[in-house]
Structures are given as structure tokens and as C-alpha cells.
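Order of writing sets the labels: A, B, C and D. Residues in every chain begin at 1.
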Amino acid sequence: MSFNSFGNLLKLTTFGESHGTAIGGIIDGFPAGVKLDLDAVQEELNRRKPGQSKIVTQRKEPDTVEFLSGIFEGISTGTSIGFIIKNTNQKSKDYNHNTDVYRPSHADYTYDQKYGLRDFRGGGRSSARETANWVVAGALAKQLVSSIKINAFTSSVGDIFIDKPYQELDFKKTENNIVRCPDENSAEKMISKIKEIRKAGDTIGGTITCIAQNMPIGLGEPIFNKLHAELGKAMLSINAVKGFEFGSGFCGARMKGSEHNDIFNADGSTQSNLSGGIQGGISNGMDIYFRVAFKPVATIMSNQQTINSKGEETEIVGKGRHDPCVVPRAVPIVEAMTALVLADFYLLNKTRKA
Amino acid sequence: MSFNSFGNLLKLTTFGESHGTAIGGIIDGFPAGVKLDLDAVQEELNRRKPGQSKIVTQRKEPDTVEFLSGIFEGISTGTSIGFIIKNTNQKSKDYNHNTDVYRPSHADYTYDQKYGLRDFRGGGRSSARETANWVVAGALAKQLVSSIKINAFTSSVGDIFIDKPYQELDFKKTENNIVRCPDENSAEKMISKIKEIRKAGDTIGGTITCIAQNMPIGLGEPIFNKLHAELGKAMLSINAVKGFEFGSGFCGARMKGSEHNDIFNADGSTQSNLSGGIQGGISNGMDIYFRVAFKPVATIMSNQQTINSKGEETEIVGKGRHDPCVVPRAVPIVEAMTALVLADFYLLNKTRKA
Amino acid sequence: MSFNSFGNLLKLTTFGESHGTAIGGIIDGFPAGVKLDLDAVQEELNRRKPGQSKIVTQRKEPDTVEFLSGIFEGISTGTSIGFIIKNTNQKSKDYNHNTDVYRPSHADYTYDQKYGLRDFRGGGRSSARETANWVVAGALAKQLVSSIKINAFTSSVGDIFIDKPYQELDFKKTENNIVRCPDENSAEKMISKIKEIRKAGDTIGGTITCIAQNMPIGLGEPIFNKLHAELGKAMLSINAVKGFEFGSGFCGARMKGSEHNDIFNADGSTQSNLSGGIQGGISNGMDIYFRVAFKPVATIMSNQQTINSKGEETEIVGKGRHDPCVVPRAVPIVEAMTALVLADFYLLNKTRKA
Amino acid sequence: MSFNSFGNLLKLTTFGESHGTAIGGIIDGFPAGVKLDLDAVQEELNRRKPGQSKIVTQRKEPDTVEFLSGIFEGISTGTSIGFIIKNTNQKSKDYNHNTDVYRPSHADYTYDQKYGLRDFRGGGRSSARETANWVVAGALAKQLVSSIKINAFTSSVGDIFIDKPYQELDFKKTENNIVRCPDENSAEKMISKIKEIRKAGDTIGGTITCIAQNMPIGLGEPIFNKLHAELGKAMLSINAVKGFEFGSGFCGARMKGSEHNDIFNADGSTQSNLSGGIQGGISNGMDIYFRVAFKPVATIMSNQQTINSKGEETEIVGKGRHDPCVVPRAVPIVEAMTALVLADFYLLNKTRKA
């Protein structure tokens, strides 16, 4: 029973409030003997960090990870890996006006109801700042299952969707633009849309698609730890996520069996892949693909009617430095959580045959 | 680490193959002193059992649950509750022709690859027969959190959708028709559709919507055990599920923050409920609602090209007794898993304040 | 969080009351592809069963295990292994006089206080009958780590101790006598002692020593899952156990470092083995040995003053069929729990190097 | 599955090597709303820290704990509590001569065998420095179950034992002397003994006894999470521990049932307490008492023959700053682990009745 842990054999446990001294975590179960590229970890953090472009929050936070244990002379030792990321730019004053006020569609009210108190500075524990911890752990997990190619990208912003199948995309282009969309044409429209939304003091939702390629066969446990169930849980853990679908997804619910079945080739691969690379909860070696829905960020720059902790009606004034669209910064988070799930099942699978 | 367990404080562990002697499970952590209605458990099983109507598989299986421990004179004792459901109608012969053949979009291939062997009779462990165990546990969980009203129903079959918000539906009507749709007009169309599909030897997908009302505030742990993440994992564990969304879901990804935010009333309730009753992973007392996508059943009555375990091409002939649409029988499964998640968090929440 | 589970990767979950329909369990995480000797499992159960000799309880219970899943054509399939042992000889009448009475040094009082009620027939869940489940799981675990030789034996009854180091004993002789002591001379004295105690309507304590030989190096996780800590927890889980020591044990607490250190040979083995085969929580390849203390059985045949659930003073009359000394029947239980611990760590160790 | 975690609902996860930047941990599941005395936490650390007296290691390390999250304005918030303790006095040079050499009865050899490499500086992860983390968590746990009085003390050093029952001791005197023995006469002899041993460059073992008074009834889960089994596991997790016994312990194995049974008083208390406050794995309200055996510290100041990682014979020269007897500094560790176990079961018990 762990409220702040993710994973089974490879387990991440985290701590940290948005405006405390530091956030951080412990990665348990990472095997010994892996030569680690710690610069690559920092690069992943940089993909997530605030202030990186015009279409994300202008908060400046270096987000530098410090590893405190479990790595010796660049190699994992098999002991627990502790790390922290110091909070350096906590403008608590930006938030002081919200101390007692419940921001609509934030977690202020539910935290207060559940715990009887809360660290209200910047959302405290409910802040998406927590996901920086996940990116650190995911970046190490990626190195553990480095043969698998994990690529996430922005597949829609509001009503702007990429209109191509993922097979026609070049994932090398994802980092070429600030919205992290590998389709240049769509990327341009998305960026314009976010700028327009931002100017209006509003926010907008979007989706991220993630593809895992070069998959080993056999990952996933077939009853309650189905590969897609763990991926779904991982994605639904990310702040602002409202939905998850894999393979044919919600479209599959409108199809007939004769259309939906993936016919085998002689080598065990399948002609179509509506299954999304998973059959019976276990990877079959085909590409895994899934889509994640993000709601628009709740913090907007217009005034909103609300209540405070005494149940008094009040107005909340739009201030602070927030993201007009969470999706571009969430791309590395989706990849990180995918890597954690796959690495966990990879380790587990070593124990399933005698 | 448990491959066949679900839940934390309230934990279900299961066993059983489709054509073995029996399936069953152990419910651990059920509190002492709950007066149990065991007939109500059997009634839930009856909602799920095969052969109950013209639009489900015609297999006959009484699915009688026997409780072996943990209940004394009708009251839970706080010790583990063991139960079994005997398999009485295993027509293994129906499946013998499939021994060595990989059925398309089934788990035969992945089991063989993962484990090196499999109990091939009727899908073995991968059979949805396993979910009878879940219904038993869920029926007990419902009694533990009996103040919460959990109602699932068929919200679409193929392209036939209920076109009303759930607030306009009368859940008492769900059991009035064999497709378990509380909207009579839609129900009729859905039943016709399934009959037509069945006649064609095909299968069809659909969706189930589930509503939890009269929710206590504060259920859910806000980082990796978010209420909606556990619900998502639970739903994605059900055979044939391809997607999960709650509250505004995938539609939310197309909205603006100014449209999406739920403005508070003075009593802490909200004017709209796009959040789906959950903020920051914690229930806020509003209705929880979510939608689950089911693919069409993979077993169809036409011949399909496939391979066997030696990699030889062969043809699979459609035979056996299978469901043309899984959705009507999955309604009690969705409710059961919802009850398990809510009961687990209900127990957990007793420990979160000093 | 599981109150009725033991183990991590290899996990046993159990249920069952002494006088219910059946007891049983689920073994999760057992790898696929192990050819199993199920007769050997039953033989282990026979070593534990009541009525096997003059110095144990004369209750007759066949204790036949039925496997319900997870084994196909004699080979483990990697899915969960469910099993039950039916209760056939529940003379509930023997216990009816105790319904409301708290037996001294039994768990009646604490169960009632903790849960508010209890199944009082034969001790209900607190009965050592539960350990039959453990023997089943341990017998399978033995087959998983069959290269390790696990031998437990009775090392003392009351004040009668084997006065030889274990290296001088021939474990093949353990089963030659009914007290399970491989030293014939001591065995004879122990048997006489137990017969004498039994005649007096009394009971007596004893110790069991267990040796694991041909150990692989590297089992055990060095912080909170130290090999000896898990062994200790396993032994302290057995009914009536009051103490556990390994290697030099309590004697080691009287020694000096210069006497206690185990000096290495060139091949990594050690000249002495006061460490008991474990250094820093990890097996070093030397023999593991430990000793377990069992108190005298609390049920005696004399009348004892006590109270009932209303707090009224009453007298309990010695009746029923109980063991004068628990140790002979506990030998297979100690071996079973040792096997479970070692098999769990064996699987886990497959994941600790990249 | 967590190799560096302890506890269930209240869970401590730790990291850190002896000579890394810092050690630390995350406490998960601590309930919200507890007013915390953080000075009291530091005081517990001071009881454990090196350099505190003449009879412990002369290493100087301030061992200052920094809390990073989970506490807001002095009150626990219900979110995870992260903390670190910086390593300030890592004289790695003292250890450099041991890089490649396996110290007898240390964990050097087993770590190398298990992981293929190790951080050899000061024992790395196997150093008892780790237990500073446990003292931090235990000090918070004590505040959670503050009504329970937990008192540990040195009950023997080598052959010098306190010759009084614990009921005759005044625990307020434990901190009056540097060996932490509440019996002044014995304390004096123990201190002399340790000084003598130290002078000889040797080390010596000892025992710690721990008493938990004012116990609530009902703590402990009766099958695999028996209260004494968890206490045993906790104690056996402490470096250098070789044995654990509670209540009558190993003496109980020599007794008869008629002597050993604890007869009830009308109020449910018992006349004797050979059970040690636990019946059937559940606390009965009587004092819990147990005894823990510590071997002599393996690092001695004489030269010892040994091998290095290449299997070459070599000699290890006694150097460094080590404890002649681990027991005085282990007293707060025993209390801390006891508090963690009791607090965990206290939380758990809130969920066991409907």
C-alpha cells in the first residue's frame, strides 16, 4: 500500500510540494550494472521544464536533478537511487491571494476535505511539478529498456488533429517545433491556436499519442496487470488527463469482429494491428500505440466566481504564470511513464518461465 | 507483486481456467461485522451468466458461488473470504479442434510466447469466465459501501447510441430489457442490431457507461492512486476493453478552460460537472461518471485464415457458443469493478486523517 | 497490503477456518514450465497431518489437497495455482462447550476484541490447521528450488536437546522416528518425554532446527528484505513460535569479534560459519541454519479458571483432541516456509543484475 | 515489491550510501493533521549518532535531518514526507585501503557476488548509517501513537546481564549512562567491559530488550502479519542482529503448558504474561516485551587474513573509527522500528471493523 509509488519490481516513490525546498524520489529495484547517461536524464527534464518556449508557462525553474545514491562511477549498483530537484523559483506571493480560495476545477477543495488542511502554495502536492520526478525515473527506465523505441507527440490541440496515421510520421521531427508535433503543417496550426488562446487569457485541451516500437513479445501479466491496464493507469495518473484508449480504442466499439480481427502472418506478426500490439494483456511484438486526452488547464486569466474555505462566495482573479496548453510539456511525461511501465514488465518477465 | 490480485486494502486474488474444475478467489481485507446478503451476490452472478437471453452465448453454466470461509452466521468475520464457482459445462470438445491453432485477436499466441505452454481449452486463464470471480467480489464490495449507488448500463452498440444525458435516464429500467439499456427506444434498436449481427455470424462492439451517485467526498489518493486512475485500470482489466474516459473525457480535449471549469456553489457542489466528480484524483461528492469501450468479440462464425503453434498456415472454422456482443453481460462486471475500487478507497480513507 | 498473504514474487494467499467447508489458497507468481510431482506435495501434507502417530493429536483428517488451476498436464502454466483441502472431520461438538469461553493463551479473546465476533469452532481462523495450506505451497516451492537441500528436525523437547552439531547428523534418519529427530538416542528420550507429558494431560514446548544446504550465492535483499529477516518473519508466523535465531544467534551476543568473524578461504567460502550462511542479508553460499522456539500447546487436559465473553468467571474443562507437543508436526511446516522464502528470493534475484 | 521499504499503510522507503552525498527517505501514509515536534526527531537522531560518548565510534557526524515535504506549518499534511541527512564527514581515505579487500563477516563479498559491483566506501549501502533514516521515521511514528510507551534498553553486554525483571527497572534512568542500561549497577560493569574490549582492539556483542506499554488491544493481523512476526522482521533488519524472542521466548520452549498459560482476570487482563502481550498475533493489552541479540561488530583493530575480489589471499589491517559494541547506539533504532510497526498496525486496525 503506497500512495506515492508507481510500479512493482521497478518502483518509483516520490515526495514534494510545488513551493517546498525540493521535490524528489527514490527508484527502487533498478538492476545493477547498467551504465547510465545522466546527461540524457537532464535533457528529458529540459523537455518538460517551464519557460522553454513562448507557448508554455513563463515561470523559470532550472529543474536540475541531483542523484544522491545508487549510482557509483556512472553505473547502477542495484541499491535504491535517491534524487532531488530543488525548487528555486517559488514566487509564493503569486499565490498568496489564493490561500483561502478554492480555484475552480483544481484540487484545493478536495484536498481540504480529505486531509483537513493543505499546503496551498502553488497547488502544493497537487501541482504538476511532481511530474518532473516521473521524468527523471522514466529517463532511467528508458536506458534499461533501450532497445524499445518510445515516441510520444502532440496529436491534437483543440480541434486541430494530425490527419495522418502514425506510420507516415517522422518522429525525429517531434522536437523540431515547440508544440512537439512531428507533422509540420499541423504543428504550425497548433502553435497559432495556442498563441491565440493564450492571448485571450484562456486555455485549451489536446491529445498525445504514444508509440512503442521494437517491442519484445510477452510483456504484461494477463489478469490484473494487463500491459494496457498499467499503461492506462500510468497515463490517468498524469495531471489533467481525462481519457485513454489503445489500439482501435473507442472506434473499436463501433466495429464488427470480422473487421476488427488481426489476421496472423506466418511469423506471428499480424496483417493489421487494431489490437494495438497487445493481446490478452500481453505484448505480441507489434507496435503499441495509445492516445491520451488532456483537458484544458483550469487556471485561466479571467476572473471566476468561486468560494473560500469558509463557504463564502468570492471571486478569483486570474494571475500567475501558467500554461495555455499542457500538451507540449506533457509529451516527455507520457514517454517517461510508458518507459516505467515497460521496464517494470521487462524485469518481471524474467521470472515468468522456470 | 501479485499478478492475479486487484486492490490494496480490499484485495481480490483469483484463480481458474475456463475448463478446469473450478474458478474462485480470495477476498482479503473485508472488514468484520458486515451483515451479508449472499442471495444478492448470486443475483449479480446471474446477471453475468451465459445463456440468460437470446443475445448472449447459449452456453449453459449455472455459475453458483460457494463461500468457504470468512462469513459466520451471515456476518463477515474479518478473515479472508474464500469462494469457488464450479465449472459444470465444459464442452472441451468444442475447443479441441483449436488446440494448436492461434485464434486471431485472442491471447493464444501471446500466452504461448510468454509462458512456453498454455491450457488451450476454452481460452484457459484468458477466458472472460474469470470475470465471474470479479462479480462475486464486487457484489460483496457493493454491500460494504451500500450508501453509494452504482449503476452501469449499455450506452452504445455499434453505431446505436443513447442520445440523452444520463440524468434523464431511469436506472430502474436497465434490467427491463436483455441488452441492459435504460432507454427503451435505444434498447430495442440495440437488440435488433445484435440479433442481425448474430445471424450474420459476426460480432459487434459497444460501450458501457457507469455512474456512481451519492458519493462520499475524499475518496482517492492524489498521486499514483488517483480515483480515476484506479477506475481506469479496473475497466481496462476487463476482457475486450479498448478505452476509458471519465467526466468530459476525449471531448474535454477539444474544449477551452473557460468552458470546462466547474464553478462552485456555496455548499461546495459545482454548477457543471465536467470533472466527473473527481478533482486532483479525489472524489468531490458530485456524480462520478465514465465510459468504457468494448471491441467486438474476436470469435466469429466465419472461417478465418491463421497459423498454428508450428507457424504453419491453417484455417480456423467458426464454431462454439460465443457472444455476438459482450456488452450486455459486461454491465454487472463494470459495476463490480467500480464497487471494488470505491470500497478499497473507502477503507483507505479511514486512515488518512489522524 | 494483504493480511493473508506471504511472499513477494512468489505469493501465497490463504483462507479457511478450522471447521468450515474447506481451507485453501492461491499461489501466485509460480513460473511456467516446471514439471510438478503432486504426489510429493501430498506426502508433505501427510507428514503434517493429525493422527499420524501416538504422540500427536488423535484427530483423523485425511488432508487431501485438490489442485484447481495453474497446472496443465502436470506442468505449471504460469497462471495462479488454486487449491483446496476439504475439512472432513469437524467434530464441532467437541468445541461447543467453549463457544463463549476464552481459552487461556489462545486467540479467542484477541479475535473477539479485534473483530467484534469470531468463528469459535475449533479456533476458527486462528487454528494451526491453516498451516496445511503453507505445506502445500512450500512443497511446490521446494520443487522450484530443488537444488537447495532443506532439512528441518526436532532439536529439543522440553529439556532434552540433541548434543551434537548438525554436521554430525544424518538427515535421512529424521523420518525414521515419530518425533522427527535424526539423533536416535535423543529421539527415544523425546518420545518418552512426550508420552509422559501426554499422560499427565499436559503439553510441552520444543525447538526445531532447519538447515539449507547447497545454497546459491546472492539470495536476499540487503535492507528490509534481508534473507534472515524474511526467514524470521516466516517462522514467527507459525502458530506457537516464540523465538528465532540464526547462525550464532543469542550465543553470538556473548562473543567477541575476534572469535565471531568468519575468515575467508580463497574460494570465497569461510572457515567457520557463525554468520549462518548470510552476510548483510544476502546468502554467501555456506549452509544456512536457524533455530525456532515453540511454546507448549495452550490446550491442556486439566481444568483451568477463565472468563467468558461477558467477563464472567468460569472454568474451562480440558477436552478435545490436541497435540501434547507441536514440534513433530511442525517440522514440515518449517521446511515449507523456508522453501517459500528461498524460492521467492530465487525468482527476485533474476531481476537484480541487468 | 520494494527492496528498500518497510511497512504497509505507514511505509518508509530509503536510500543512501555511507559515503555518498546524503542518505534519506520518504515516509508514505502518515495521516494528516498530526502536530509534529521536529526537535524531538533530532533528539532521537542524537541518541544514535556517532561520537556521542567514549564507548562508541569517534567518527563525528552531526546527522542533521532536513524535512523537504509533507509538513506544513508544523502539521503533517497527509502527503509523503521526504527527508535527507547529509553526509558531512566521509573520510573515504580511511577506507581506500579496503577497496578491493573483502572484510571478514561484512557484506563486501555478498554484495559483489549479488550485484557484480559495489560502492565500497565505508560499506556503501550495507553500512549501519542507513539506520539513521529509520530513526527519523520511527521518531515521527512515535508521535503518531504517542499514547503507547516504548522503552528499549541495553539488557546485556557480553556476559553481563541485568538480573532483574523489567518491571523493577526505571526507564527514566536509561539515558543517565552512556551504555543505556537503566540498572545502574549493571551499567557500570557494562561500560567497564566495553572500555576493556576497546582497548584490546576487539568488539563485543550484547542484547537489547524493548517494552511497549499502555498497548491498545487488537493490533496485528493474525495470519502472515502477526504483530510479533512484524516486530521480529523489523529487528532482524537491523545490522548485526542474530536473534529475536518475545514473551517467554526460547525459555518457553522448555516449559509445560500448565506453567505457560496466562490465566485471565475478569477484565480480560492476564495474571501472568508469558505470551508477551500478544495472542494469536494480536495485541491483548498487556505489555509487549521482546529481546534482540546483536553479534560483536565485525570490524576489529587486529590484522585478519582475508581475500580480495580476485580471490587472492591478503591481510586486512585494523583501522578506521568503529564501535566496540553496537548496542548503546542501537537502542534508539530498536525503539524506532518498534514504533514503525505499531503505528502501521494502528492505522491498519482502523479498517478492520465495518
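Assume a contact is a pair of C-beta atoms (placed from the backbone, for glycine too) under 8 Å apart; a residue touches a chain by one contact, two chains touch by 3 or more.
Nothing here was measured: the structure is a model prediction, and the numbers come from that model.
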B-D against C-D, pair bridged by the larger set of C-beta contacts: C-D
Gap in Å, rounded to a whole number, between the CA centres of chain D and chain B: 46
Rounded Å distance, chain A centre to chain D centre (Cα mean): 39
Distance between chain centroids, defined by C-alpha means - chain C, chain D (Å): 26
Per-residue multi-chain contacts in chain A, two or more chains: 1-5, 8-9, 14, 29, 32-33, 78-80, 114-116, 125, 222-223, 348, 352-353
Arrangement of touching chains [line / ring / star / complete / other]: complete
In the complex, chain A residues that touch chain D: 1-5, 8-9, 11, 13-17, 20-26, 28-29, 32-33, 66, 68-70, 72, 75, 77-82, 84, 114-119, 124-125
Residue ranges of chain B in contact with chain A within the complex: 1-6, 8-9, 14, 102, 104-107, 109-111, 113-116, 125-126, 130, 156, 158-159, 197, 202-207, 217-218, 221-226, 228-230, 232-233, 236-237, 242-250, 252-268, 270, 274-276, 278-284, 293-300, 302, 304-307, 311-313, 348-349, 352-353
Residues of chain D touching chain B in the complex: 1, 9, 29, 31-34, 76, 78-80, 144, 222-223, 347-348, 350-354
